[in-house]
C-alpha cells in the first residue's frame, strides 16, 4: 500500500512486499469492508493449531456478509527457513481460501514493517478493522471465536463511511 | 409470561411452566436485552453434543456484553422420562450457568406451547431476539457458532427501543 | 448370570436384571473373549462425554478382533429418573452398537449388585477381563484411550484357556 | 545404521543421515523393543494434524511400557524448503518428546532411502516393528489410534527374541 509511513497507526495499513496466492490487494479495495487480518508465522504451532483455523472458519462463515479475511506472514524469527519460497509451499499445501501477504522485511531489523507499526506482541495476532479502516481490535494468542465473531457482527452493523 | 396468547408470533414470548434453576424470569426483565434461547430435550443427543455446549460458550463469552442466554426444555416426545424431576437432575449434573425453563405442556398435545408458537422443527433449535423483543433468527440443528455470534454482535449494536 | 454370589471377585461376572437392546448375554458366551465393560449412568456428564464415546470407538475398532464391548447401567443415585424406561429411551436415542444391561438393584441399597461386587468408585468405570474371565483392569473416570487399547491388545495376544 | 543395504526389507532399518534432537539412535539399541516410526514431512498438513499428534500421544502413553517412538523426516517433495535447517526449527518449535531423524537423501532421486526401502505411499506413514525388528504394520494416512494401540499392545505381549 502506498504511503504506508504516513498512515495513522489507528488505521489499517498493510505493508506487503508480495501477495502469495492472490493478485495484489489494493488498500482502496478494502474501503467500506470489515477486515480481519490474521498475522502468523508458518512454523508457529499456535498459528497452525488456532489462529489460521479460526481465520478459515471466519472466512467460510462471514465472507459473504462482508468480512474480508486476510493472512499476513509476519516473520520475526527464523527468517531463513520462513522465506517466500517456503511460504509458497506452505500456502499451497494448506489451500487457504483467503489472500496471504508477506509483511515487508525491514533491512537490519528482525521485525517486519506492519508488525512493528501495530506493535504486535508475537504470532498469532488478530486485527479487526471497521469499514472506515479504523483498527477496532488487536489480540495476541488464541482468541475466543465467539467474542471475535460478535465483534465482527457489531462492526458489520455499522454504516460504511461516506465518501 | 402473562398474556402469552396475545403475543405477536414475531416477538419473543416464552410460555414457561417452571424455571428449574433460577427465579422466574420476567418478560419485562428481558426488555432491552439481546436474548438467545436454546431449546432442547434432555435426552436429545444433538442437544447434548452441540446445542447446549454452544449455549454455554455464548453465555461465557457474551453475557457481560448484554446477551442473555436462556434454556428452554421443549419436550415433544418421551414425555414421561423427560419430566420435571428428570430435568432437575439433568440440570444439576450439568451445572448450566444460565436459567432453564420448562416449555408449558399443552393438554392433549405432544408439542408444548412455545415450541408450537414458533413452529420449531425439533431440538435443538436456537432463537435470537433483539432488544425490542423481535425474533431475528430461528435455526434448527447444529449451528455455525461464528455465524450465530456474528448475528448476536449485529443485534447488540442496535440501540434499545425507547420507552 | 447364574450363581453370581459364588463368583470369584477377580473374575468377571455381571449381575444383570435386564438387557435393554439385545438378547440376554450368557456368561458362557463370553468365555474365550476379551471383554470390556463400560459402566455408566445415563445422566452422568462424564459418561456421555468420555466413557460411552470411548466404548463406542473401541467397539468399532476392535470388535472384529475379538473384543466384546458391553455397557452396564450402574445406577447409584437418582434412581427414579434413571429407571429402565428412561434408559430404554436413552439407548434408543444414542443408538449404541453394543449390548447394554442394567446392573441389578439391591433392595434397600443405593448401589447395585455388580457395582458393589467390584467396589467401583463411581461412573464411568471401565473393566477389562481376559479370555479366562479374570479382571485385568478397573479404572474410574476418563481413561487414556491409547493405554486402554494397548491393554486390550496385550490381552488379545494371550491364548484362550483350555477347556 | 550400518549395512542398511543388506537389511531384509521385512526388518526395521532406518537409514538416517542425521538425528536432529537426540544423540544418534543405534540399531542395536532398538533390539528387544517395540518400535513405532512416524514418517512425516514438516509441511504436510495431515502429518501436523494427525500423524505427529498420534505419535506424541503414543509416546506419552506407552513409552514407559516399552514402546519406542521415533520420527523420520521423509522428504520426497519441496526438498529445498524442508531441509535440515528448516526441520531443526520445526522440531524446536513443536518440542517433540521423541527422537527425530532425517531419512537419507538419495542423489538424483526425489524419494529418500528408507521411504524407498519400505515403498511408503506418502506422508504420514506409520510403521510398527516388533522386538525382533520385524515390520508388523505399515499404514498410510490417518490411523485409527485404538487399532494402532491395540497392535502395539499385542506386540508388547510377545517375548523378546533370545540372543
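Chains: A, B, C and D, in written order; residue numbering restarts at 1 for each.
The rule is short, and it goes like this: a residue touches a chain if its C-beta (ideal position, glycine included) is under 8 Å from a C-beta of that chain, and two chains touch if they have at least 3 such contacts.
Computed from a predicted model, the values in this text were never measured in an experiment.
A.B. asks: Hey, how far apart are chain B and chain D in touch steps, shortest way?
C.D. replies: 2
A.B. asks: Once the contact rule is applied, which chains count as partners of both chain A and chain B?
C.D. replies: Of all the chains present, none is in contact with both chain A and chain B.
A.B. asks: Using mean CA coordinates as chain centres, what's the chain A-chain D distance in Å?
C.D. replies: One centre to the other, that is 36 Å.
A.B. asks: In whole angstrom, how far does the Cα centroid of chain A sit from the Cα centroid of chain C?
C.D. replies: 51
A.B. asks: Provide the list of chain D residues touching at least two other chains, using ranges where the numbers run on.
C.D. replies: none
A.B. asks: Under the stated contact criterion, what part of chain B meets chain A in this complex?
C.D. replies: For chain B paired with chain A, touching residues are 57-58, 61-62, 65, 67, 144-158.
A.B. asks: Using the touch definition from the top, list the residues of chain C that touch chain B in their complex.
C.D. replies: On the chain C side, the touching residues are 43-45, 48, 78, 80-83, 85-86, 89-90, 93-94.
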